[in-house]
Structure formats: structure tokens, C-alpha cells
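Input: structures, listed below.
The same subunit A turns up in both complexes below, where it pairs with subunit B and then with subunit C.
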Partner chain A sequence: MQPMEPLTILIAEDSAADRLLLSSILRRQGHEVLTAANGAEAVEAFGRQQPHLVLMDAMMPVMDGFEAARQIKALAGETLVPIIFLTSLSESEALARCLEVGGDDFLAKPYNQVILAAKIKAMDRLRRLQDTVLRQRDQIARHHEYLLNEQRVAKAVFDKVAHSGCLNAAPNIRYLQSPYALFNGDLLLAAFTPAGDMHVLLGDFTGHGLPAAVGAMPLAEVFYGMTAKGYGLAETLREMNAKLKRILPVDMFCCATLLCLSFQRRSVEVWNGGMPDGYLHCMASGERIPLPARHLPLGVLSPESFDERTEVFPMALGDRVFLLSDGVIDTCDANEQLFGVQRLQQVFAANRQADALFEEIEQALRDFGGEARDDVSMVEISLLEPAQITPPALVYSDSGQSCPLDWSVSFEFRAVTLKRFNPLPYLLQLLLEVHGLRAQSGALYSVLAELYSNALEHGVLGLDSSLKRNASGFARYYQERSTRLGELQEGYVRVHLQVTPTDDGGCLTIHVEDSGKGFDVERVMARPLEDIRLSGRGVSLIRQLGRNARWTDNGRSARVEFIWEALA
Partner chain B sequence: MSVVSKVSQDGQKLTISIKGRFDFAKHQEFRESYEDKQLSAVVVDLKEATYLDSSALGMLLLLRDHAGGDDSDVRVVNSSTDVRKILAISNFDKLFDIS
Partner chain C sequence: MDETHVDRNVLSALQEVMEESYPELLDIFLADSEERLKVLRTADSGDRLVEAAHSFKGSSSNMGAVRLTELCHQLEQQARALPVNDIQELVREIDREFASVRPLYEAERQRCPAKI
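On to the complex of A and B.
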């Protein structure tokens, strides 16, 4: 044991002889000594010189030791200043009182030097322990404060990134996230594609705190970047997976559900990797179709083995897609019972007003007695008329001086390319170099997308769009699409773009050809334009959005025009 | 000990048994149970595991990586209904042989 550091010790004792005796003992032991003849002097000396330890006589004139002890303890606050009562009292009640008023020990008169030294040593240990605890507590509090502040700053930065999309602006999205859910790895993103479809991502990173939030940044970047350029879910998913796989440590990954809600086609495309079931709520039937996880989370598989296959479901106006994070169903009660999917479905069953669902789920979680978790995220997206949704206008940074006005270009995309590659973002980017077309970029993209998917699906793959007449056929159609695409050996889609200047503006002709069998053009054209069946929406959309849409060569060749007037 | 590991007599198979909640608190113990071993087959016994969270999934991925990644032979056995549900949601049955 290391030798004791000398202490400053206050002796409060009304007998001058005892004072002298104690002082000389303590000085011999190496301590510095202060003395007081009564309680009041002791309190005053304590306030002035902050001794480490006090030896206190119980019975003293002016102010007794009990009161002095109380006052000294109050002055010392959190610091431990041990008080050892010196007493000739022997009845247990009086001794107990010494400790009750804040004394830490007592020493019976007459004094035994050895015991006195031992007690001082023991009290000094306690005093140091308390000191260490306080110092560490303050240090932890400082670090905690620091960390919270870092989180606040990081959250502010992240909120800007995560909410630069249309999460708050779109009238068809409702969401609820616990305030620091982000720092538990939950991520919610939404943005419009150039065609006016909406992409939504609800993700959940493994792990907690900043590490989880760090992975969210690159994910958000890929999501916004690729959505704005017109990439579909498959390409976006492949890119997100590859990026996370590259940058995250092996044990970190991101469970995610990615949706593409198409207001034009009235459908939702879903990819779920490791998230709890989402639900597609059909308002007409009241049915809730589960959207279960079919895939491993993002960032687990290598790009070669990643599976980006999606499922497509038809939606009616007002139908809603509901997604949630595992914070909801994994909320535990006091007995470590999970809230679970069944209780969630009971809430669904009891729900009468669709808009009150979030509140009802929260209430159910409270009633369940679950410990509040900070990683609860819920989002609900409903299908509205396209006219009710206004994607924000795109912002361009160039001046328009170098705008190309007289050119044409032709592409032929062959089987191997058609399997994996989506040429639409490139085509759109090229066309948007023409300033006159920018105002109609949404319509342009929609028409390009419809022409391309018609050529690919009905032409090259030979899929029959009448399959999509009902909901089950709808799902079968998209399964068949992915099967046939996988097996595709030959075929092509050709895209010819021609831009020509006119007197007061310009004209774009889009011409798409495919290697398929064609279709009965007259029969399809005879359909009314406003037909809103699930199938055949592509053709009417093209006719409404573009000019002079016409099909030749038995439907194997489609042409449509866009014109614009010269910009002021 | 809530993570117990045992190597088979021929030295080829490592069995790791988890007791109680399989979550981040077991990170260290779990890693130590296989880190210094080169084994051809690993069995993770979840008979006494009550719960499994996403960091446990991450730990399983680390184990898989250590055992050879795509060429690894990692089996997860005796998982309870609850635990199996969590493994199923994450589609971990595509990476591990789960029973």
C-alpha cells in the first residue's frame, strides 16, 4: 500500500487538553491540523479552509457537534468530507444519532492512536473513491453532452440530405419517425422520377448510432441521383447494393423496401430485402396484401449474385401502401414478449378510419406496455390521380447557348443488352440537352418509357397485355416478363431520334421499332382514350401525351412527335 | 458463459452454442469463439437462444466471411419459431443452411 498523503484535518473539541492531545497525535502522523473550540467555530473554519476530514466532539457549547456536522455536510455538497465523531457517549441511540446527522464513523474516548490512524486511513480511502466517482461522472456527462451535440449537428446535415426529396411536399405521403430513428439506422427517402412516378425507400441499417447513419449518406445519394435521371428500381437497387457492399464492413448491411408508385399506370413495383412485411391496402375490398421480404438486405451479396427482381401489383385510386420498420413489431414488453405481427394485424382489423392508422398503432404499442423504442418508422403512400401530384420542376444550370437543334441518332439494343440495360436515362439526358423539350420532360419520359416497354414486352418478349386485365394476371404478367427476359436469345429494339428546327421552334420525332410479331393496330386504336383498364394503358398514354402518334408495320413500328416553340 | 464453442474430435467441425438473447452484447464472445480457428464446417446452435437482432445477423455474416464466404459451410440449427421468423424475414436462408 502506498504511504498516505498528508491531510488537512479539522479538530472540533471544546476541551483544550483533548484538542492538544489529538493535535499532537495527528501532527506526528504527518497531517496538518486546524482546531475549533465549538460547533460554530468548526463550521466557520470549514468554510474558510476546506479540510479533508473532521474530528468532531458531539457535546460542545454554542453549537453542538450534531448541528455542526449537518451544516458542514451541507457546505461540502457532493464532495465527501468524512466526519468522525469523538464521543464518550455509550448508549446506542446517541451513537446512532452521530451517523444519522451525517457522521461517517465514531471514535470512543479515550483515544487509541492505532485505531484513530486506521479510521483516518479508511475514511481517506472512501473520500478518494467518492472523488474518483465524481470526476468520472462529470467526465462522462461532458462526453455525453459532446456526443449529443455531434448527433444534433449530424442530424441537421442528414435531414437536409434525406429530406431533399419530396417526403414533405408530396400530398400522398404520410410518415412517422421517432426523432432519433436515424441514429438507430432508419432511413426514409422519396423522390419523383422524370416520368412523374414516385420512388420511396424505407431502410434500416444494422447497428446503432453514427455508424448506422454514415451508411445512409451514400445510399441517399444513389437513390436521389438515379431516380432523378430516370433509372428504374432494378438499376438503382443494383447500384445501391454494390456501393454498400463495397464500403460497409461485413457485419453491416441495410434492410430496405424500395417502391415505385406509378400514378399513370396505377401500379406499384416492390422490392423488399429483409424488412418486415409491408402492406398494400385495397380500399374497395378492405384487403391488405402483404409485401414480404423476398431478398437478402442490401450490402450482403456480391454484385454478381445480387437479385433485383421486383413484384408489381395493380392499384386503384385511393389505395395505400404501408411500410414499417422492425421497431414497431419488435417492441418488447416487460416480459420480453414481442409486439409481433399478429397484434399489428389486430390493429389493422380494428381500424375504421384509414388516416388514423398511425395513431392507432402507436396507441397499441403504448397499451402493450412496450418500452418506447427510438427506431420506429412508418410510412404510408396513397395512389392519387396524376393531376393531383405535381413533381417539382427540374433545375438546369446551363444557359442554352449551345443547345443542339438539328440532328438525328439511331440505336439498336440487342438481346444481351435488353436483359440488363435500361437505355431510357441516357436517351432522356440526351434529349434534355434541347432546351425546348425541357418543359415537357415528364411527358417525354413517360412516352419514351411506354414506347420502349411496349417494344420490349409486347414486341420482343411477345407478352400479351390482356393478361393484365385482373389483379392475379397482373402479377403473372410481370413474373412472365422476368422469365422471358432471362431466357432471351435474340431480338432488338431500335430507337431513332430526330430533332429538326422549325420557323418558330422545333420538332422531335421518336421512332421505335421492335423485332416482335406486331399487333392488330386498328383494334387497339379503336379503344376510347379514357379507358382506364389495367391493360393497354400505354398506347392511350402515348396518344394523349405526344403528337401524331401512329403505328405502322403491323404495330412493330411506332412514331410520335413533340414540338416546341422558340424560347424568348 | 452464454456463448460456448466446441471443436469435434477430428478437429473439423466447430459448434457454437448461444444462450439467451443473441444481440450486440455477445459480439466479443461470439467472435472469440471462432477467430483463432481454421475449420471446414461450423454449426451455430440456437437451441437456447431466445431472440436474435440485426447485429446478430451481422455477426453471422462475419462468421461466414471468416469461414470462407461463399465457399463456407455454416449451418444454423435448432432455431426457435421466433428466431426462424427473423432469419426468414432477412432471407438469411439464402446464405446459411438453417434448420
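On to the complex of A and C.
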């Protein structure tokens, strides 16, 4: 027999001869022995000296072995202290009682040394096994607690970054996301552009846990940073893709849908890379236009082969864009069947109250799968009047002492630059050095953006704005824009900015020229200002937001002014 | 008598296990047995009889008193069922059996004096 580590063993036995015999056998086998002549003594000895194992006679005066076993098991708690009943009991009822009170084995009289040693060894193995299990359980619990704490910290840090957006403040966003969705790789961001448009990103990183959450930080920073500076979807997408491609391992990427909702133009621009179809819900017709994935996820393609082309759809007031993560359609039932797009569309079809859609989808998922998943993300953004949306005021940190008040600058952007470069963020940043203009940065940006896109699209690219009169023309317009821009060989857009001080403030003149054919200024200017047809918005917007807007040189040259009063 | 009453192999095994405590074990067994017999003779309830018979059976078996173990077992099993006369007869038989094996254990005791 292999030598084993000596144990401390308690013998509870009322017969002095048997007690002496058993003690001698155990001592010869190398163990430490404690003795008790009845159950009460046994419980007392156990409490005092915590033996590893107990040999317990069933029939004893004062307190019998059954009661003593029950009390010792209670004292031992989770630790396994094996109890071997010493008995020549032959009734099965009494043997069953031994097991009921927690006995682990029996040893019959007369004692047999070999069997006793074997039983002690077996019980010791069991005892050690339980000890190991408990230790490992505690270790797992500690690791789990540690992991949860890490997630709490990561979530707190991330919430600081993620909630710098307008997700919770904007009145036109509804979303549903588990608080720890981040650790399933789900990411939802929203922010206003300087022009008052809204950018929304719903992303889904591959993987789970911290690895899935890590990529969210740089992605959110690019999203917020570039949106705040006035970059459009195309530049933001290029930057996000390049950054993720650079930092993520090859098997990690981020499926994402990025939206730009323009309240001024009443349109939504969409880029979907690998996410489930989103839906544009037209309230008037009840139609739901799918917004399917047209691209590979972010972080897959090299910057050279990345495709940032977007689609643009017109929206009416109250129309909604609905996005969802794959947790919705990939929810499984008990037979591993997927919830699927068809069931989602059945929920759409049955939906009567647009505001109840989330709850109806959740209910359908519960009815289907039986258990809730925590990687279900849904967001719905509706188009409101610009007046109902109030972008947060920008915060500037400089004192204003070095504000430039008398200067002018001219740029000429030529064909190769026009293809890919968006000069608006730079121009805006320059203009916002002028403190007096900061209060009207939204209007300034909208007008600047409008003048620039008019010059580029109608001027340089020669696109006919009347195409945008209906929804199908709207889509064709943007397809055509992308084609012509790709083929562009020559042409220019010039931007002249002039800031001059006045007695009680200052004046900015924006002057934009293009190389296009121009347009019939008289006819366009004759339209009423409140005309909100899709095709006419640009010009009327500029006239509403800026001062003294005027077009010369057959529409090839546009001027508009912004004035401000001296700051207190 | 011998082999049907006391198992010699058990005694030599006990001596090997107990080493110098063997005489002490014999002393304790003999003293304990007197106590058990007293209880058996005077027991006034079935439960007391069963308990005493059970304990006596256990130590007898450990000490190799084969016939004594068998008689105690009979008493433990039947104490609640048999008429009083039969029980008294069984107790007397246990008494006689112990009286007959006792000299054998005393002889063992003499053979191996305690080392004090």
C-alpha cells in the first residue's frame, strides 16, 4: 500500500475494548487519533480539534451516532469530513439512517485492518477531491469577480467616451441595448455635425468580452472627433476603416451601419458594411425600404480598396430609420432555428403603433426563443423639424484675446482634390477662430456646406437639381454624382473668405465660384422662400440663414454675408 | 471446545496489532464483558437488552469469541419477540459461554504480562 499523509481521525465508540483496538490499528497506520465514548463527546471533540475523518459507532449512550453525525456534518459546512459508521447493524432501515444523517461509508465488526485502511484511503481521496473542488470554485469566483470589476471599469471609461454624443439627449432617438452590450461587441453612437445634421453609428465587433470592446474606443473617438469637426460620412468611414485595419488583428473587424440624417435637407445618407438590413419607414405610405449591406465591414479592406460610397434617401417629417444588430435575427429557439428576417417582417406587418415596435420585437423574440439575449441592439431615429432639434452648444476653451478680425483668404480646389477631399472642416475651423461667428456656427456651416455642394454638384459636375423632385430621381441623382465625380478630369471650386471689422462687431463675406455652366438665377430666385421641394432647398436655405445672398455670373458666383455684434 | 468458541487466528492478529497493549486490551475486554453481562441479567426492557446484546456482540466479534458473538446476535434479533422464559434461557447460555471462554483469555493474559 502506498504511504499516505497522516490524518487526524476521531473515534466515537462506547465500548472501551473496541475503542482501544481501533485506536491501535489507526496509530499503527500512522494516523493521529482522538477518542470519544459517546456522541456528545464526539461533537465536542470535533468542534475543538477539527479531525479529517470520523469513525462513528451508531449505538452509544448520551447521544447516539446518528445525531452526532448530523451535528458534525453541520459544523463542517462545505468541507467534506467523511464519517464511517462502525456497525454490525444488519437491519437495512438502520443502515439507511446512517446515510440519511450524512454517513459516507460503513465498517462492520469484527474490524479488518486491510479493509479499514482501504476505506480510510478512499475517503481521504474523496475529502481531497472536495477540497480541490471548493478551492477551484473559490478561485473561479475570485476570477469572475475580478473580470466583472474589469468590465465595470472599462464600461465606466467607455461610457465617458460613448456618452459624449447625443444618444440620450436627442428627442428623435429611441434605442434599446443591454447595459453590457459593449462586451458583446455592440456599439451605438450618435452626434450632431456642426451643421445640425445627425450622425448615427450602430456597430458590431467580432468576438465577445473585452477583446470585442477594445476596438470600440478608437472607433468612437474617430466618430465623435470627425463628426464634430464637420467631416462627412465618406471621410469618417475612410478614417475608421484605416484605423481599425491598422490596430485590429486580422480575424477582428467591425460590421457597421453609419447614417447621416439631415433635418435641413430632409434626407438620410446610409453606409452599411456587413450589418443586417436596416429599414427606412415612410409613415405616409407605410412602406419599409430596406437598407441592405453593400460593403464589407470596417477593418477588413486596405485603405486603397475601401469603398465609402453611400446611398441617399429622401425623408418626410416623422419618417423613421430603424437599425438592428444580428442578435435580433440570430436569436435561436430550442431547436436551434433562427428567428430570421421573415419573422422580423411579420412583426413589422403586425405593427400598428410605431412607438411600440421595440416592445413588439422583444416580445416576439421572447415568444420564439424563450430566453432573452444580451446582444440585442435596436435603434430608431426619426426626422423632426430642424427647430425641434437643438444641437448642444459647442464649448471653446480659448479666451478670445487673439481673435483675428481683419483678414481674407482664397482657395481653389481642383478636380483631383474635389474627388476625395472635403475642405469644409478646415474652412469651418478657420472661421470659428472668429469669436463673433461661434454663436451662429450651425447656420454658418449649413450655408458653407450648401454653397460648396451647389458649386460642386450643379456647377462642376453639372447635375440637374430637378432630378431630386421625386424619390427615385433622388437616388439616381446621387448615383450620377458618384459616377461623374469618379470620372472628373477638370474644373474647380474657389472659396474666398473675407472678415472685416465694423464699428460694433464684424462681417464675414463668403464668396464661392465654380467652373460650371451656371443657372438661370432669375427663375430660381423667383421661387418663394418657404418652398421646401427637395430640389429647391439649397438656395432657399442659404437665403434664409445668411444675409444678402446673391448670385452673379449666371449663377457661377455666389455671395452671402454673416454679421455679428461685438461681444460684451 | 476451542476453535468453535474462540478463533485463535483472531487472537494472534490482535496480538500483532496491539503489541505491548495486548494485555491491556484483554483486561478491558474481560472487565467490559462483566458489565455487559450484569446489564443482560437485570435488563427490564427489550430496548436495553437489544443495546447491550448489540455492544457485546461487537466487542466479542472483535475479540474472536465466535460462539459468544453468535449468541449475542440471536439475543439482539429476538429480544423483542421471544417470551421472557426463552430470553432468560438465552441470557443464561451467554453467561455460560462467557464463563467457558474466560479462562482462555486469562491464560492469554498470563502468557503476555503487561510491560510496566
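We take it that the second predicted complex is superposed on the first by the 562 of 568 C-alpha atoms of A that agree within 3 Å, B and C clash if a C-alpha of one lies under 4 Å from a C-alpha of the other, contacts with A are read in each partner's own complex, and residues count from 1 in each chain.
As a convention for this text, contacts are C-beta pairs under 8 Å (C-beta built on N, C-alpha and C of every residue); 3 or more make two chains touch, one makes a residue touch a chain.
Since the structure is predicted, the reported quantities are computational estimates derived from the model, not experimental observations.
With subunit A as the common reference, subunit B sits beside subunit C without any clash. After overlaying the two complexes on the shared chain, residue contacts for A:24 are found with subunit C alone; subunit B is out of touch. More residues of subunit A are touched by B (comparison of subunit B with subunit C). Contact with subunit B, but none with subunit C, is seen for A:300 once the two complexes are overlaid on the shared chain. When the two structures are aligned on the shared chain, A:142 is found in touch with neither subunit B nor subunit C. Working from the superposition on chain A, the subunit A vertex angle toward subunit B and subunit C, CA centres, sits at 80° in steps of 10. In the overlay built on the shared chain, the residue A:547 is in contact with neither subunit B nor subunit C.
Within the superposed three-chain model, A:152 lies out of touch with both subunit B and subunit C [touch as defined at top].
Of the two partner chains placed by superposition, only subunit B is touched by A:204; subunit C is not.
Once the two complexes are laid over each other on the shared chain, residue contacts for A:109 go to subunit C alone; subunit B is not touched.
Shortest separation of subunit B and subunit C in the overlay equals 56 Å (C-alpha atoms, whole Å).
Overlap of the subunit B and subunit C contact sets on subunit A: empty, with no shared residue. Residue ranges of subunit A in contact with subunit B, taken from their complex: 204, 206-208, 250-253, 255, 273-276, 292-297, 300, 302, 305, 326, 330, 336, 338.
Subunit A contributes residues 14-18, 20-21, 24-25, 28, 57, 59, 86, 88, 109-111, 113 to its touches with subunit C in the complex.
Partner subunit A is touched in their complex by these residues of subunit C: 10, 13-14, 17-19, 21, 24-25, 28-29, 32, 51, 54-55, 57-59, 61-64.
By the touch criterion stated above, subunit B contacts subunit A in their complex at residues 24, 50-51, 53-55, 57-59, 61-62, 65, 70, 82, 88-92, 94-95.
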